[in-house]
Each structure stands twice: as C-alpha cells, then as structure tokens.
Amino acid sequence: QELVDAFEARVAADAFIEPKDWMPEAYRRTLIRQISQHAHSEIVGMLPEGNWITRAPSLKRKAILLAKVQDEGGHGLYLYSAAETLGSSREEMIDALHSGKAKYSTIFNYPTLTWADIGAIGWLVDGAAIMNQVPLQRTSYGPYARAMVRVCKEESFHQRQGYDALIVMANGTDEQKAMVQDAIDRWWWPAIMMFGPSDDNSPNSAQSIRWRIKRETNDELRQKFIDATVPQVLLLGMKVPDADLKWNEERGHYDYGALDWEEFYAVVRGEGPTAKERMEARRKAWDDGAWVREAADAYEARRRLKAAA
Amino acid sequence: MENALFTYALRLGDDSLVLGQRLSEWCGHAPTIEVDLSLANVALDLVGQAQLFLGYAGEVEGKGRDADRLAFHRDVLAWTNCLMVEQPNGDFGRTIARQFLFSTWQKSLFDGLAASKDQRLAEIAAKAVKEVAYHADLSAEWVIRLGDGTEESRARMADGLDWHWRFVDELFQVDAVVEALVADGIAVDPASLRPVFEARVAAVLAEAGLPEMKLPRAILGGRKGHHSEHLGHMLAVMQHIPRTYPEAVW
Amino acid sequence: MENALFTYALRLGDDSLVLGQRLSEWCGHAPTIEVDLSLANVALDLVGQAQLFLGYAGEVEGKGRDADRLAFHRDVLAWTNCLMVEQPNGDFGRTIARQFLFSTWQKSLFDGLAASKDQRLAEIAAKAVKEVAYHADLSAEWVIRLGDGTEESRARMADGLDWHWRFVDELFQVDAVVEALVADGIAVDPASLRPVFEARVAAVLAEAGLPEMKLPRAILGGRKGHHSEHLGHMLAVMQHIPRTYPEAVW
Amino acid sequence: QELVDAFEARVAADAFIEPKDWMPEAYRRTLIRQISQHAHSEIVGMLPEGNWITRAPSLKRKAILLAKVQDEGGHGLYLYSAAETLGSSREEMIDALHSGKAKYSTIFNYPTLTWADIGAIGWLVDGAAIMNQVPLQRTSYGPYARAMVRVCKEESFHQRQGYDALIVMANGTDEQKAMVQDAIDRWWWPAIMMFGPSDDNSPNSAQSIRWRIKRETNDELRQKFIDATVPQVLLLGMKVPDADLKWNEERGHYDYGALDWEEFYAVVRGEGPTAKERMEARRKAWDDGAWVREAADAYEARRRLKAAA
C-alpha cells in the first residue's frame, strides 16, 4: 500500500513514471493496451494511405506521401518500443493484433477512394489524433510521453500537408472540388468518432485521467476538434455533412448532431467496410515475411556464435 | 547532341522512377516494420532522383515537358528504363536481388557521373551517390543475410538472383546515345564500370555463400522502349489519375 | 424519371462489366483448362450484357455517351456497381462464392426484368437470362463440389462465402431510384427476389454440406459510388488505353 | 514387317490412321511430341494475349479478345484429347511442359507491349500457324487431322480479326500508326521463324513428310507465308523490317534476308525474353489449382461410390 500511495502521489504531482519504477499492475496493463493499440493503429494506418502511393497524382505528392507513411511506420516502432519497456514483446503484441484480440483505431477500417481522401486523412484523421495526443505528451508514463512528443510534432506536419493538398484541390477543377466534398462527407463522422464513446459511456476514463494516462475526456477533445476544424472546412469552401451543426454563442462552441454509435460499435467489433482487407493484408505480410525473419534470426545467431568463438 | 543528352537524362530518371514505384508497392506489406521503412526510404530517394533527372531531361528537350509530364504522360514504348527495374517485386528475395544488382551498378555509375562535364548531371549524381551507396550496402547486407540464413532463404535468394541475371548485361549496354556522350565526357563509359560491379557482386556472393554468377544470354530492349509485359501494368496504375484529369493541378 | 432509368440501366451495366472484368483476370491462370474456358465464357457473357445495358443507359441519358464512353471515361465515384462484383478474385473459392451469390441473384432479377414495362430492359434481360441461368448453375455445382470435396476445399469455399456475405444485403437495397422505377413497373422489386434467392442459396449450401448463411452487418455504398479500395485499381488497368489515347478509335 | 508395310501403304495412299490401328512406335512418339507441343503452344499462347484482355481499348475489342483466347484454350483441349488417343495422359503432357521437357512455340516467349501486338499476333502468328496447319488437315493421323479442321477454321477467323484491328489502327492517330509499325518490327522475324529451322537443318522433316505428319517443308511454308503477308503489310501502309526483302520476278517469290538462327535456338532453349514469365505463370496456375482438382476428384469419387451403392 505504501508503494501504491507513493505511485499515486508521484502521478498526482505530474512526475514521470519510468520503466524501472514500481507501478500498479492495472496501470501497466492499461498502458500496454493503450500504447500497443496506438502502435497497431500506426501500422494498420499505413494501408489506406499506402493504397495511394502508387497512384499519387504528381511526383511531389508521391514523395510526400511516401515520407508520411514512413513516418507512421516510425511512430509504430517507437510505440512498440515504449510498450516493450512495460514487459510486452513485439511478437505478443502483433499476435494479439492478428488474432483480433487487440484493437486499432476504427478509422482505418474505412477505404480511401480518391486522392482527396489522402488529404482528408492527413487533415482530419491526423488532426483528431493530434487532439488526442497533445495531452499525452504530459502523460504519466515517461517513455510514452517522450514518444508522443516526437509523434505529435510529425503529425502536425502531416496535418498541414493534408490540408494543403485539399486547398490545392478545392481551388482546382469541378471534379477535384467534388472529390474534396465527397471525402469530407465520408471522413467527417468517422473522424469525430475517433475520440471514442461519449463520456457517459466511457467507463475507463475516470481512472485513466486520475493516472494521467488520459488528461481530457472524450467529449472535451471531440468538442475541441470540431471547434477547430469547422472553420477549416468552410475555408475550403466545403460543407460539413451535419445538418445540426451550428455555432452556439452561449457555450462558445459548435453544437453538433448525434453520432451514430451503432456504426461506431460495429466498426469496433471488426465490421467496418475494409476491416477484413486490413487484417488480411497485415496477416499476409506477416506470414509471407516469416522466412525473412527466420533467416535474419538464423544469420544473427550464427554471427554471434562466430564472434564468441 | 542535345537529343542524346535528353535521352540519357531520361534513362537515368526512368530507372529511378520505375524502381521507386516498384518499391513503393511494398509499403505496408514488408516482412518487418524495419524493412518496410527501409524500402520506403529507398523508394523515396529514387523518386527524388527521378524528379531531378526527369526535370533536367525536360529542360534539355525544351518542349515544355516537366518531370510530371514525362512521368505521367508517356506510354510504354517511350520509356527508357532498363528491364531490371520494372521486374515485379516477387518475394523479398527477388526484391533484394534486384536492388543489390541495380544499386551496385548505380553506385559506380553515379561515382563516375559526378565527374561528368555536364554540370547538372554531375550535381545530381554527386547528391544522389550517398543515397545510392546506402541502398547498395543495405541490399548487400540482405543478400548475405538471406544467402547465409536458412535453407529456404538461401533458395529464395538464389531464385531472386536467377530471375535478374539476364538483365545485368543491359546495364552495361552501349548504343549511339551513350557512345556520343562518352566521347564528350558527359556519360560514363559503361565498360569502365563493369570490373567494379563484378568484383563487388562476386565478393558479396562469396560472403553469402551463394554460387558465382554466370550470366545467361542478355535480354535487351528497355533503352529503346521494348520492355517486358510488366511495365505497361505499372504505368496503368501510376498514370491513372493524371491521365483521368489531364487539366488538374495537385 | 429518365434519370432514374439511366441510373438503373447504368447499375445493371456496371455490375456486369465489373464482374466480367474481374473474371477475365483469370484467363490463362485457372486450375484446369476446362475451368479457364468456363470462366472466360461467363466473362464474355457479362461483357456482352454490359455493352447492351450501358449502351441503353447512354441513350436514355441523351448526352452522347455510348457504352465505351461510360465504361472507360468514368472515375470511381461515378460507378454504380454493387460491392460484391468488384471484390478481388482471391482464390478459386472466393471467385466461385462471388459468382454463385451474384448469378443466383441476377438470375431472379432478370427473370423479373424480362417482364419490365420498359421494353428495352425487358429485351436485354430476356436475352441474358439464359446465360445467367448457366452461370448460376455452373457456380452452384462448384460450390457443391468444393464444399463436398476435400477438407481444404471445404475450408476455402467457406472462406470465400465468408468474404462475400456482407455484400449480399446490398443486392436487395432499395433507394429512391429503385422505388420510383418499381412503382412504374420498370424495375423489379428487390424484396420480391429475396425469398427465391435465400431458398436457392440454402438448398445449395445444404447439398454442399456447408453451414447455413447468417448475414453479418451489411456493407453498402456501391450504388452511390462509395466503393471498396479494389475498384479504383481495376479501373486504372481497364481504362488505361482509352484514357491515354482519348482521340483514338480502335 | 507386314504390319509396317501395310501401315506405310495406307499412309502413302492418304488414308487416315485411327487410334485402334497398329502404328510404328516412332510414328506414335513423333505424333505425341508434335501434337502435345501444339497443345502446349495453344495454352501458353493464352498468356501473351490474356495480358491484354483487362486493358482492351473498347468493349467490343475486349469481347473479341476474350472469345479468341477462349478458342485457343479450346484448341488446346482438342489437341490434348487427340494426343490422349495415342496413349499419353494429359497430366503426363502437362508435367513435361512444366519440367521444361516439352516445348511450345517459341513465338510465345515474346512479350505483348501494346494493343497493336494483339492485332499482330492474330494476323502474323495465327497466320503463320494456319500456313503450318492447313496441310495438317490431311495429316495421316485421323484425330489430329480432324482437330486441325476445326482449329484452322477458327484460326482463319482470328487472323482476319487481327488484321482488321490493325487496319483500324493504321487509319488512326499517329500514335496508333507508330504502334502498328513497332508491332510489325518486333513480330515479323519471330513469326517467320515459327516455321522452324531451314530445311538443311531440319533432320526429322523427311521422315515426317513420308509419314504425312508433315506435308510441306519448313522453307516452303515460310516462303508461302512471306509471299502472302508482305502485300498485307504494304496495304497497311507499313514497312517490312527486312532490308533484303524484294520481289524476285524470276522465282515468282519474295527474296528475304537471313534469319537470326542464334536467336531462334536461344529461344528454343528457353532463353526468350518472357520464357521465365510464361513457365512461372503456367506452373503457378497449376500449383495454385491443385486443391481444386483434388476436390473435384474427391467429389466425383464419392458421387460414383454413392451411385454404385
């Protein structure tokens, strides 16, 4: 109990917990779940964007997108490393992903249909992610917080690039404008669902906030995102696909329409439009690559043996 | 003469772009995240080289075609890349075999090209040669790791090399374009690259425990637009959006 | 009203063309020559249907777009096929699952459509229904053969069905277009097709020894242009030549 | 010896040999080799053309090409059946193809690069094939001769369709014209090599002609083909890629340049530009389809068992 008290006190004082420090098992488990889920999201998130690298409309856009997807892989790596400091191995985490035990962000179960989707993902999806992640730069677990600092910096860059791509299209041909609007229509609701269930239905939130694993509630973050993003939609000359959206002078926030939680939970359950594709692609990459990993291990083992001899 | 320089710059750009495009197909599907990142990194370098070479080719041509115009609005017979780079990724063994052979060649080519009398080519090559040195090392390490890994990896690595050997001679092919530019000190004499290439390949194969290379009959044609069936399919995908919206800016 | 008829004919044409295109990817790669021929045969029938439906859609639209224009010069958001037909071929089990579900549905649709008050739709459907009956039988036989074959084939057949179940509901989707045309006796009421479809599917699964179908949550969107990621890649290939040479006649 | 004499007499009298008839072992072997090689050519020949079905430039052309490739598969089937009447099983023949023991026409080891190649294959390759096959409609082995009747009829149709496609292109845009010329440049020499080595280097020819397995020599057929085809090239407004080609008034034939036999034998040895692709595609189709064939066999066996019970 002394340990618990000391831990709670440190967290309450906004000090970082480090890998060697004592921590409650539930804290450790919650963090592993959250960090690995975040890592999985980065890796699975490479797929909808990777879908457009080969079809990027210019060499410049191709290079930007390649670099972006590479960054996401990099985020996946730091995050797996952060989770490893909590005693979970990469293989375990990846197995949990492939078996469907571990989750990843529901947003990546939607397809990318046009080039505007790439802009929309950078702007809306990375934008929502940043909103979620900025507070995590001060999360109580040190390695996670430090990973978040780097991730957030890169995500902000991606968000600007995504929005920039949409500005160009919104000032382009009628077909390009139509693609932008269609992308916003399709990504808007899934993006604002990325903040998770509303606070009434988010049982773990209170504990997570006390432990400084989260620092703001889902609905607070969602509101922040909507308030920041609506003006950007309008600046593009586009519409927000929400008939109930309007500025509430009194609250100083946008009011917005009801979210389709049935859709949200269905996608969480793995019934999103491209969920099967995503899992099949990840499993296939892993299975097809088994011989390469085995070869690298065998080579490494032999090399070490030689070095030792 | 300008036409030869245009063609030469185009070939350099086409090589880089086609291989960059191929590598980018791996994105999200590689054996490990680390490999995924390193393949994307090589792809990114190659696309960057392509932008420079194709941009320069367009300037030399002087008909108002920029790098994007050359990349997205030429059909298969107008592409001048070597056949090796357009080969499908296959498994990781084939991808690595292609990368190792191509980057090893490209490294010594760019070493030479950095001393070209054409200042722009020299600059681009000098900038790119560090990247390419990394590609060559990275892929050589994988050749060794796979060759000296498991029985399966060794077989797959050998198969990958086997697929690509027939395209090696084309890398050193001399035609009127190359001849003219070599005479002017602009292009690198392919014959001068061959000993370095062969020595390096032999050394890596030896370390990998793979049999010495014995090149089969050369398959040629890429430099004059006579490609394998693979390139057309790649172009269909790569060019779809610019072809569909020819008036659009992105 | 004309717009609804245009959209309806377009959907029928898009379904046939997209599936015909998918099946033609098998050409030369099927498990036996006999299967290769039968898949090519089905593909040919479907491309033929597409020519008629798209040609009619173009006439109804009255903007001078013919079947080729509609096939080769529309980007992904303008395609109205159901999601099932654009799914990748996968292995032969997935191909057969897709064919069985689609052709079984299309058969009863065309049976009904042959009595449409729109004479042209009625004629096309009456002509095509014999072909489609064959497609449905052929694929049903394969479902049974694979379901009742080996352990592996049974697992693969089940996986194929599993991939496609979520796209079944879309076949019976009713929207404003369908509603308006059903009221006019032009379109077939999708609800009326469902019992026949379900009975037939249940009977074939039973004979194949495969578990009864339990449909998961429906994935919708194809009819309004919201597709899977697969369609864009298919269009890139299919449209490459007409997009590249927009002025050419072939 | 009586049997041999009777056999030779029947053949010399242009009567058909049927499966149940006695025949010399060498005759049987030669026929199996020739017919199965022909069947393999039809099947492998589906690949270069199949390569363009998904990219055919119009729906009409897509349908025509699908039908054509289907016909070729059909020819493969009749020919395998004809060879089976000589006691060789389809599996044996296919194994021989996949192991590289059996050959197929060298022409299919060249790639199809543009839509004009599809026209050129129909016109030149099927044209050369017909030239080879027309005499085989009277070949001494009955099932082969009858298969050839059907094959020739369909091939003539394909040849006209191929030429028709090129006429349209030759009257089209400059780009289309350039594609047609490029296709002729690439396919001309391989097509005229389809008749095989020149008569001086074709050791089996004499025996085959005596047995009415062949009815004209390679060089005779080649000359016929060139004489028939050159005017068609000119009619398209295109050039024959042979600087030595000229009409020889005296011979009443075209003189033509030296063939590159080194190239020919290299391609026969399996070193053609797309030889690896062709064999890999065929083997992969066969291996990937193994479970389907096994399932069909298992189902059939069970069905028969039930029927018997």
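Which chain is which? They are A, B, C and D, in the order written, and residues in each are numbered from 1.
We take it that a contact is a pair of C-beta atoms (placed from the backbone, for glycine too) under 8 Å apart; a residue touches a chain by one contact, two chains touch by 3 or more.
These numbers come from a predicted model, not from an experiment.
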Could you quickly compare A-B and A-C and let me know which has more C-beta contacts?
A-B
Approximate Å spacing (C-alpha centroids) for the pair chain A, chain C:
36
Centroid of chain B to centroid of chain C, CA atoms only: how many Å?
41
Averaging only over C-alpha atoms, locate the centres of chain A and chain D and give their separation in whole Å.
57
Overlap residues in chain C, where contacts from two or more other chains coincide
75, 232, 236-237, 240
Which parts of chain A, given as residue numbers and ranges, touch two or more other chains?
55, 175
Looking only at which chains touch which, which shape fits best: line, ring, star, complete or other?
other
Chain pairs in touch?
A-B, A-C, B-C, B-D, C-D
Give the list of chain D residues in touch with chain B in this complex.
48, 51, 55, 111-114, 175, 178-179, 182, 186, 266, 271, 273-274, 276-277
In the complex, chain A touches chain B at residues 43, 46-47, 50, 53-63, 66-67, 69-70, 73-74, 76-77, 80, 115, 165, 168-169, 172-173, 175-176, 281, 284-286, 288-296, 298-299, 302
Residues of chain B that touch chain D when the two form their complex
75-77, 163, 166, 216-217, 219, 221, 225-229, 232, 236
Going by the contact rule at the top, pick out the chain B residues touching chain C in the complex.
75, 232-233, 235-237, 239-240, 243-244
Spell out the part of chain C that touches chain D in their complex, as residue ranges.
17, 21, 24-25, 27-37, 40-41, 43-44, 47-48, 50-51, 54, 67-68, 71-72, 91-92, 144-146, 148-150, 152-153, 156, 237-238, 240-242, 245, 247-250
